[in-house]
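Alright, structures below, take your time with them.
Heads up, the next two complexes both have chain A, just with different partners, chain B and then chain C.
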Partner chain A sequence: MSFLSANGAGGPELFSSQVGSRMSFLSMKGKGGQILSSVLVAACVACSLVAVLDIEDQRALGICIAVIAGVAFALSKLGIVQAAEQAGVHHPWAVRCIIVAAFAGVLLVLRENNFALLMSATILIYATVCLGLTIQTGFTGLFNFAGAAFLGTGGYTAAMLANVTWLPDIIVILSGGLIAAALGTILILPVLRTRGHYAALATLAFGILFYGFLEANELLGGPQGLKVPGITILGWDFANEPTLGGISFSFYANYVVLIGAIFAVFMIFTRFVERSWIGIWLDAVRLDETAASVFGLRVSLWKSFAFTTGNFLAGVMGAVYAKMTAFIAPANFTFGDSLTLVSIVLLGGIGNRWGVLIATMIVVLLPEKLQFIQEYRLLLFSCVIIGLLFVRPGGLLARRVRVFGGQ
Partner chain B sequence: MSGHAAPPAKDTSLLMASGLSVKFGGLLALNALDIEVKRGEILGLIGPNGSGKTTFFNVISGIYSASSGNVVLDGQDTTTLRPQQIAAHGLARTFQRSRLCLSLSVFDNLMLGAVRRLNSGLWYNLVRRGQLAADIGSAAKEARELLAIFNPQLADKLWQPAISLGMIDRRRLEICRALIGRPKLVLLDEPSAGMTHDETNQLMSEILEVRRGLGGLTIVMVEHEMGLIERATDRCVVLNYGKKICEGKYSQVAADPQVREAYLGKS
Partner chain C sequence: MSSIAQYLLNGLMQGTIYGLVAIGFTIFFGVMNVIKFSHGDVLTFGAFGGLVATWLSIALGLPIWLELGLVILVAVAASAAIGALIARSLVLPLKDAPPLNMLLMTMMVGTAIRECIRLFFPNGTNPQKFPELLPSGGAEMSGVYLRYDGLILIVSGIAFIFAIQWIINRTRLGLAIRAVAEDGETARTMGINFTLTVAIAFAIGSMTAGFGGALFGLYYSEINYGMGLILAVIGFSAAIIGGLGNIWGAIIGGYLFAGLQTAVVATLPSLSDYKNVVAFIIVIALITWRPTGLLAERGSERV
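Let's look at the complex of A and B:
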């Protein structure tokens, strides 16, 4: 019952202005429902993740995925997903605690499973890059078809810095982000003088050229790539296997925790950007550049801000990725990977941060786990996206109208 | 409101366009136009379709650039400035065809009009969240008050997407968006477009009421509805083929043979 009442107050308009005593009573009653819904959703996502990562048998896996899809559909139909989303708006810290708990739970269950932890880290890395794309494409309307290239820029920056200098790893990781951001700025500057989708064109070219450049460049290792040493932060070598209360974890757990923390920071950052005056400005640039400029908005400034910020996120994760996999090659950062990143954003729901996370899980895990579809993976993948966009044109979790402060 | 401290003399000009021409290829959309807008007046800009009224607005607000001539807004030469710089000099406008961001809330749309007054700093927006929330709260209060002058029900729809509004409420929202930045000069491009006679009259009354509240805002209005022009404007300028053919009070202008010819053709 409490779920239903939480759902009943799900439309944004009901949370808005008329905060009479009746409304505040309703939202008090709704609070428990919302929190419970978010616990349920977080638990379901965590269990699905663990199940998909852990199950090896293809038939069992198929059944498992079908069950997950069914549960997800039911949760959405019952309004529990929506209630959980509302919980995120009204009780952000409670929801953040729930998510951290779910994350810890997944980590604990998968503690010694190298492959599963590597996959989890990969999901979080892709999801972070897609957060960057969300700021660029979802908010500001700049299409970026070079996500993988900016990821690679961060990766190669980290590789070169780590191999040539003795800079501390935190600086190396930040430099990855900064170099990617700087490269992006050079790319966006000529685009600022144009209107329309020229950013798509420029990034498309960059995404394709980047691969060719790496392949031909001897200094950067050519097609063979580069070795990269692992991370050491504050004296803790990430190659060590951590133990906590007698339970030992794979060394990948170090990376999952670090990447999870970076992801969390960027998630909050993206939310803060969206729910601020800046969020309105970015949306206005996307929706009507002319009107925005007539009212005094500096369109080029906000386009550069969005583009630079998004590429910074990609670059930071690229550096961590390079250090985690200990080896990078041009083949990790192809144009195809950039397209995958864009499709994650479309699938998740343009401009919705949580949609990005869910979509990344699907896009990264499905082809990896369902080995028998490997060869047909692009085919299946495009079918899934087209099918989903037919059913849900706004993506898995469509973006909501911004309502400030949950007033 | 803000901007000018002492109430300025009524006769000084707020906007002065001299010898303004705009060429689109071989077409001379504005032909050596001289238009003066005095402080505190409502100027009607009329003329047949294609006579250059909207082009004039687009040049003044910086969307098009003038081929020759110049524009002085409140003592500043704004001829070569970009739209965002001209907005900073206190100009706001509406558009002939609605240009709301339909998927954003009413509040978001309104705040776009207040860009100049709001803090866009990164530190403020991303770190000083408490201050930001307080400012958003007071902005929402102000937005509600402004909307309520036009339509009390509109004020309750502050957090609904603009797409959920009806035609007349959208037009009201556009006008509020132009007013909330406390501009010195507002350009209204066909406020009556797409509305019935009664709706138009009602909207005009609302605009005039808000204007009184703001202490005599200067308005330039493009309009085809002559009743509205007669009722609301202090003075009219008539354009035809990008040229000024007549200027004066509505009654004078309406009696002018050249104007009758432009609208009705030669008899």
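Let's look at the complex of A and C:
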């Protein structure tokens, strides 16, 4: 059983599955109930996102955040969040349609708001990078404290490839991922040979040396950084403002749609990895390496697979990020950023794909929107994470125990 | 020839500070199997405590030798106190959590300390001038210029390392710490106060960092709120190169890291901007070659 459980520490998951079975009194268990709950959850998330992004007045924002927290708590206590999660398992296509509808709704409401769209795109970028970290840390148990370095690799690849003007931007974005994955292979040997804290040092040292290298290297712009041109795909320049049926959008909408599409692809890919035999093997490697190898799994192969895949995701998003912000500097890819990425994964619930998205929204939006804590945001952020590690060590949405058959 | 000796002295000074930081990592790991990443910021906290002590003694008009003593005392006491506090209130309650949770928690504690110094210390964002309390000047010896303060600091740092080593290996307290490190459960049945011993061990580890912080301030005459982070990474690397849990390994690791940095600067001056890059590349290579450090205890994995 322990071999099949999705996470080593069983406490929080057992708890949440009990909550899941208690919710039957709300008749949320049938197909209709599950779909209804997922509509409800998606609508709540979309409304919260729009409200937080759109409200400027600090007092109204404070009240709004308190209401959101209350509603989220109520939804999870009533078992609606769990029912929505079940819907995602049993009726994936219905849930995907609901999510696309919610995404389109958010885009439509925020269409002219540059800042809000930029923030939405940033959330999706960070969430994608954290999906990569989920494959590495959550599924396979590899620590990666160099997430920002791989993000930066993609970004600098895009900046350097700007000189090759005939190269289509899709190739540039993909090569951001490939170069990041290739750079990651340097670390594969140390990561495979070491365990636990020693492996953490390998990635940590890499993150620090990457930053030091960028700062010192004249060719890569040194501390001042580099300019990056925007994206043009199939003749469509992303600096244009799109119009759809008479409604005009900010040019950031281009990026939000592109990044949303990439995020969706990687989200489905991660789901495929998690639910296929690969996911079971990765779980086995994380939970007991020795036992896994005794059963004939090639531990080093699957660790390399997870590490490379995660870095590829980070690199792809790094290239898009650089092209969207039009400018990159070493200061965007510090050790602190890597730490933020790891805390998102932990905050969301290690190994839970949807938790990653929710946690990214919280971590990216709160410091940016709460102006009055601007100066104190890092302090507050660190205190919140410390508190959370004590109160909910499994994260906001802990990963569920894998159940085969039944249900 | 003379410049080589100069580099050697510089490297020795840095190595002493790195070694002092690394000892803390190795003690914490030995006792609780944790990596306490806030260690570098505990050092910064101690150094700023020492700075406050100099203001205090200038206000009181104390003689310079008393001021020096006070700086070191306050730096050591401040970091010991905060180290024990972190151990008692944050590390011990979370001791059964997964290693990633613990690592992230201590990183966040470090961030919190760093931010507190930046925000609440007067003018904390800017580097702070640390007064020169040691005799300035130096002597010329066969073409080598020896800074007196550097020599004094290296010698006192090494003496401190030996004192810690003596406490751990020769006293009853050290025996209790080693017993807890060996097996906490058994140590408890033998009548050792587990919580207290762990807190004291963390205090001792943090003391060395505080002493390192005071040395740093006295030698470079400038401290800033962010200096702990890179020192923590270097100290952690040094402890890992040496083999976690081994005090001599940590010290060797510290001098080795300083030696690498110095060697890069000395042999390839054009690459001196890259000295940390090269040093970390070699660190990654070293742990690839010896995955559990240079002086790690050997043992095969039981299946």
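Here, the second predicted complex is superposed on the first by the 368 of 407 C-alpha atoms of A that agree within 3 Å, B and C clash if a C-alpha of one lies under 4 Å from a C-alpha of the other, contacts with A are read in each partner's own complex, and residues count from 1 in each chain.
Rule of thumb we're sticking to: a residue touches a chain if its C-beta (ideal position, glycine included) is under 8 Å from a C-beta of that chain, and two chains touch if they have at least 3 such contacts.
Here the structure is a predicted model, which is why all the values come from computation and not from measurement.
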Which of chain B and chain C A:194 touches, first, second, both or neither: second
Which of chain B and chain C A:252 touches, first, second, both or neither: neither
Chain B versus chain C as contact partner of A:272, first or second or both or neither: first
Residue contacts on chain A - larger count, chain B or chain C: C
First, second, both or neither for A:143, with chain B first and chain C second: second
Which of chain B and chain C A:299 touches, first, second, both or neither: first
Partner chain(s) touched by A:238 [first = chain B, second = chain C, both, neither]: neither
Chain B versus chain C as contact partner of A:202, first or second or both or neither: second
First (chain B), second (chain C), both or neither touched by A:290: both
Intersection of chain A interface sets (partners chain B, chain C): 290, 294
Interface residues, chain C side, partner chain A - complex: 29, 35, 90, 93-94, 97-101, 103-105, 107-109, 111-112, 115-116, 119, 229-230, 233, 236-237, 240, 244, 273-274, 276-277, 280-281, 283-284, 287-288, 291-293, 301, 303
Residues of chain A that touch chain C when the two form their complex: 8-9, 137, 143, 187, 189-190, 193-198, 200-202, 204-206, 208-209, 212-213, 215-216, 290, 294, 335-336, 339, 342-343, 346, 350, 375-376, 378-379, 381-383, 385-386, 389-390, 393
Of all residues in chain A, those that touch chain B in their complex: 12-13, 15-18, 269, 272-273, 276-278, 280-281, 283-284, 287-288, 290-299, 401-405, 407
Touch list for chain B against partner chain A, complex: 61-63, 82-84, 87-88, 92-93, 95, 99, 101-105, 107-108, 111-113, 115-116, 118-120, 122, 125-126, 129, 132-133, 136-137, 140, 144, 155-161, 177, 181
